[in-house]
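Comments concern the structure below.
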Amino acid sequence: MNNKRRDLIKKMTVSQQFVTQAEDNAKMDKVRRYAPLILLVIMTAIGGISQKNFFSWANIVNIMFQMSIPLVISVGLSFVLLLGSIDLSIEGNMGFAGSLVAFLVVNNSNSNNFGIFGVLIAILIGLAVGTVVGFLHTKGRIASFIVSYAVGCIMTGAAVLIYRGTPIQVKDPMFIAISQGRLFGIPYITLISFAVFIIGAIIMNYTAFGRAVFAIGDNEAAAASTGINITRTKIKVYALCGCTAAIAGVLQCMRLKLGQSNLGLNQMFPVVTAIVLGGGSVSGGKGGSLQTFVGVLIYTELANWLTLMGVDTNLKKVIQGIIIIIAVTLTVEHNRKTVVK
Amino acid sequence: AGFTAPEGVDPSEYHLAICIHSMDNEYWAQEAKGAQLAAEYYGVEADILTCDSDDNKQIQGIKDYIAQYGDKAIFVVDPSSTANTVNIAETCEDAGVYVSILAHRAEGLYPADYPHFVASLMLDDMAIGKATASALFEAIGGEGQVAELQGLLGDDSATNRHAAFEEALKDYPDIEVVDSQTASWSQSDAMALVENWIVNYPDLKGIFSANDTMALGAVEALKNAGKNGEIKVSGCDGIEAALNAVKDGDLVITNANDGYCIAGYGASYAIQAALGSLDVEGMDPAERLIFCKTTLVTADNADDIISKFIETQDPGYDYSDLSFCIDKYQEDTAEAADEAAE
Amino acid sequence: MKQKKFSLSNLSQYMVVISIVLVFLVFTILNPTFISAYSLQNLLVEVSPLVLLAGGLSFIIFTGGIDLGSGAMVSATCVISGLYVSRFGNWIIPIMVVIGVFLGMLNGVIVTKLKIPSFIVTLCTQNLWAFIALYFCPNGSVAVGMEYRKEISWMTSKIAGIPIIFLFAVVVVILLYIFQQYTPSGRAIFAVGANIRSTRLAGVDTDKAQIMAFVVSGACSSLAGALYAYKQKSAVPTIGDALTLSAIASIALGGTSMAGGRGSVLRTTIGVITITAITSGLNMMGVDPLWKDIIIGVILIVAVYLNSDTKGRDIIVK
Amino acid sequence: MGEVLFETKGVGKTYGSNTVLHDIDMKIHSGEVIGLIGENGAGKSTLMKLISGVETPSMGEMFYMGKPYVATSIINANKQGIGMVFQEQSLVANLTVAQNIYLGREKKYSKAGLVNWAEMNKDAKKALERVDIKLEPGKKVRDIDMATREMVEIAKVLDVVTEAAEGHAIILLDEPTTVLSDDEIQEMYVQIRKMKAAGNGIVFISHHLDEILAITDTIYVFKDGEETAVFPTAEANIDVLYEKMVGRATTGEFYVEAQQSVPSDKVVLEVDDLSLFGVFNHISFKLHEGEVLGLAGLDGSGAEDVCNCLVGQVAPTEGRILIEGKEVRFGNSYQARKAGILSVPKDRRDEGMVSILSIEDNITISSWEHMKSKGLLSGKKIRQTALKWIKEAGIKCTGPKERISQLSGGNAQKVIFARVLESGCKVLILNHPTRGVDVGAKQEIYRLVREMTAAGHAIIVIGDTLDECLGLSSNVIVFRDGLISGSFDCPVDFKPSQQEVVHFMM
């Protein structure tokens, strides 16, 4: 505050000061809201300047391709994070869905040929698993962290049971066509992930269910008092998350043409980070689909850029960590009363 | 040929623990299968113990198994890491149970120093890595840009194969390595890396991969970019998908590590020692340090290998003939062992 | 006035003890060798470092926070201990504790001063610890020199049949219990977890309490890292990979609430022993590894459901 | 007044073995505003919860429009035409105004499961206009002030019930004016009159008797869960209401004024030209040993914020705080306590009780440093301290290990008093010390306050009511719009009248 402003402020009445303060706060809020976007722009600029290939169409396609699966995962996970909960079963669920779908479509180890129905079965089972997680979490009153971790273990085990050690290779022409197909140069898998994302965004922003999730994450007691069925909403969220995890698993299987329990390995935490980067909160009630998109994009671009730069993989993770801490510091609201744990 | 246990020994009282990393990998599954076949052959019971590449978990599993079966336990171990081999040897020695250790051996660890450490069966990673790398370099005409996909940092197969790659480079001065990164044995990580490389290095001609899984990821990325065949890829391990890829010309070369051989014969050494039909103390120390047979796989022999290893799930080895698996002895190290023994 | 009503809800308090007894009973019936001396000694050696790790981590959970990087911290410190124990001898143990205090403090300060949730902070610092581990051991586990193995084997040797490493863990658990029960900081940690706003207004230095929790956890994780180095007689850069989640699962199994404010290191200790006994039992019975993950997952859900005392309808579970 | 819309006959409620409400007969007529008064915990909110479907009655029956009435949930009650504005605000801050108004009722605006927000906003705008507020319905609730939120709640309820029961709805307002300024209260009256004119029946709960007199037609008085009096507002005045509510006329004995100590000359705390940007300006006062200084002022006048500064919750932008002549600065309540200031916070559940800890931990939490023997916390000392206070403050509990969350409001408050007394702090700040506390417990708390001053503590009080503020204090400072607008000496026998003080508050 410069001196002139200081003097001016001293002369103001409290209510005038209050108005000034409210305006300042609103400004800060705006900055905070757009911080992820600003970060994205800066990142993109740095990427473009430092790497000549960064803006090449091929690299842009790469970025789109590489963000596809995180984007699909983020759809369900962002609902879970909005509740202030977590779902650690995503990785196991992905591995299971990927292994199952490989088992069901044309492959090298059996004579199944369920085609698109195989895909549907895998996704429905993912949805059912999510429902079970939600059910155990809400009805059993067990912290989501633990339930979902345990269910994740179970699903990983179940995935290996499907193929008993020798991962299944997918030979299905549909899978091959989808994984290699392009529309206007954009991979089908990316288009599918965008479609899933848009459906997720519509659910989040244009349905009563979406609003109920926001309400529960912000103030569970108040939400309950307006008559929202908390338990059912939470179970639905986990079902959705299981469903998108399964879709991600199927897509991953399409990408690699291989069914294996570790298809989902290390896929979840980067997405949590991406959601937080976009301004979401792990304690619930904050976030949005566009923000999530921006977050996933930032994360993918960062990884892509560091690869183009030839940075060592482990150092890459450290750099990512530091950038994330800085970004979150900038986007998190700070006042004395903020409670963090 | 049949096998008869010595007088008074009932093989079915013995229990073989097949200690591998996980069931979630074709090569390890093959090892498990090979050791099971051997156990069946000798008539001993077999259990599989997995450790998810965790040193501590592996030792824990071994101790638990010893607790259960005492001196009737037998071990064939694909160790979680090289460093862990000493602990494995010591633990088994303390408990007086026989063990063969596969594919890894810490520096200074010799079977000769441990009466119950029957044999160390290794893959000659250096030779294999050099052979696959050279085949790759030849395939691209001995010059041009290549990139390397390394295994999980911190894993010693990854380290050995990287060293072999560097070694092979010495003979090819015109090969330029544009990037060398780890994809942590993961197909999906490898795919992402290769996607970026294709963009960044338009003149890339070859990709050396430390294992088949990553190589297959590279092939998928190339297929998507329409560069399959244009950029050559080499793998290692000999998993089914890779063998097929070699057959189809997607991979230049891979090496069939042959889990049936290394684990089956590893198990056989330990079982024979435990049943008393192999006199461990009487063996030449050098004979307990073995490099196992493996096969380089190119388009020429891919079909044979597939029918032998994949389709039958049993290559039909005679597990009573212990010498069958021996490619050569780990001779340089064997000499050192002799010195140590003196 | 000191009447205690024994009701079903009180039962859940003792459930953790009941469940460990049950686990031992079931495994012993299924397999009498389960309680042989060799097996029990193994169990004691096995639980010791994990008890330290989970015991320390408990304090962060008491505050309502989490440390996703404690396993990676074990890796980093195991690596440093394994590589330098030959140079510093047994001094490596106190050195590790000091390093752990420092690393924990780093976490705590970022959480409290930058006001970023511990979930995110530790997700990031985890990468840092993993980097340190691989920086020192880029080529995988490094065994302690053959000549030095004898000198560090005292840790796993036994006094009157009890492994020294376990005595070590017992001492640390006692210290942790004293900290938890008999120091203002220890109690403040619970108060922070119960209601950080009230605690702050009661004039308690909540920042300090939170930082203390991270410091204790850091020290314990590092100590666990050193013990793993002694136990494995090597520097293992990946040793902690699976430990974070096992530790958290043990804590939950002990009946400590993930929301904070309630729990005890003693409960955690029992949780660790239970979970380790389950894996050992399954190993001994030669359970098909294909089924092991599934069995452990199911047991975990059932056990945590029975043990948690957060069944009050008014408590929001997240 | 029109026909009877709603009627309760012998309605009551028990929680466990505790009967908190019984035998309530109430008739709500069309176009009638009923005023419901009674002390904290008298059962007012409980009755509202029974009518609005949040809780089910344990006894008695209810009739709506002549037919038996049962509500299974809030939504169910809403659909029948009965709506309630809750005592604690129930809006969800991260949703927009429109989304809050229609939360749980989105179906009307959904096509194929998708909500048409634009249409909802349009309707929300109408609903808001019904209560005469101009507000962008797309605004997030967290961005609007408390008073507007209250009006949004009313708009929401009105929208729900008029949809179901145009002209014969029942609207329950539980303390809707607590967060409102005087002008805003007048605005609220206008709305209530409008609803009334439309033929609806209204129940209005408030602790401000003047409001009850100003807006209601009939007054019901509750005491300890029973209906003790019903009479038309025309026959009432403040004194009558007071007597009916409290059961006695004078307040002298109530505040243990006989024991009010005369402050010494020794200044313990000095506040010098303290300002907090946008909240208060140029606040200076001195607090002496043995003094009870009352801070009076409407909500938002700055009195509470001064206290927040004094306990380190907020840092002032200008000015100094001196304790015994030494300037102190603090960034948190810990440092404030170290400097010698500790508070009994206003919001007992969220800021006072460390809910899942035991009584003994709650009593000693601010003084653990002193509970040591041989360097370690002594469980024995802690227990003895707790037992001492349980006896001295008359805390009803099963023992020092009982969880504080299981205590009743008054007893929990006594635990927090014990905490501040045990802390050894010289300056104690009591922020609404008797909020949610019944008469008996209140009196014990007043007695504790007197004992504190006798022991040389210096106390700042923000009273739950003005009466309490004047009754307890030896000096009173009045705040208005962030400035000190006046001050009074309050010696035992010459307490200023409420009217005199109120004059400086508005």
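Lettered A, B, C and D in written order, each chain numbered from 1.
Operating definition for what follows: a residue touches a chain if its C-beta (ideal position, glycine included) is under 8 Å from a C-beta of that chain, and two chains touch if they have at least 3 such contacts.
For reference, the UniProt names are A = ABC transporter permease; C = Autoinducer 2 import system permease protein LsrD; D = Sugar ABC transporter ATP-binding protein.
Just so you know, these numbers come straight off a predicted model, no measurement behind them.
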item: If a chain touches chain C and chain D alike, it appears here; value: A
item: Chains most often in contact, by C-beta pairs; value: A-C
item: Distance-maximising chain from chain A - centres being C-alpha averages; value: D
item: Chain centre separation in whole Å, for chain D relative to chain B (CA means); value: 73
item: Centroid spacing, where centroids are CA-atom means, of chain A and chain B in whole angstrom; value: 37
item: Centre-to-centre distance between chain C and chain A (centres being mean Cα positions), rounded to whole Å; value: 29
item: Contacts with two or more other chains, residues of chain B listed in rising order; value: 23, 153
item: Interface hub residues of chain A, defined as touching at least two other chains; value: 160, 164, 314, 337
item: In chain D, residues with contacts to at least two other chains; value: 313, 332
item: Chains touching one another, given as label pairs in label order; value: A-B, A-C, A-D, B-C, C-D
item: Residues of chain A that touch chain C when the two form their complex; value: 83-85, 136-138, 140-147, 149-154, 156-158, 160-161, 164, 220-221, 269, 272-273, 276, 281-284, 314-315, 317-318, 320-322, 324-325, 328-329, 332, 334, 337-341
item: Touching residues on chain C, where the partner in the complex is chain B; value: 31, 33, 36, 38-39, 42, 46, 133-134, 137-143, 146, 149, 228, 231-239, 241-242, 279-280, 283-286, 288-290, 292
item: Residue ranges of chain D in contact with chain C within the complex; value: 311, 313, 332-334, 336-338, 342-343, 345, 350-357, 361, 365-366, 368-369, 371, 376-379, 398-399, 419, 423, 425
item: Partner chain D, residues of chain A touching it in the complex; value: 9, 13-15, 17-18, 20-22, 26, 202, 206-208, 211-212, 214-215, 217-219, 222-223, 225-228, 285-286, 336-337
item: Residue ranges of chain B touching chain A (in the complex, touch as defined); value: 23-26, 28-29, 32, 153, 179, 181-182, 184, 186-188, 191-193, 195-196, 198-200, 216-217, 220, 223-225, 239-241, 244
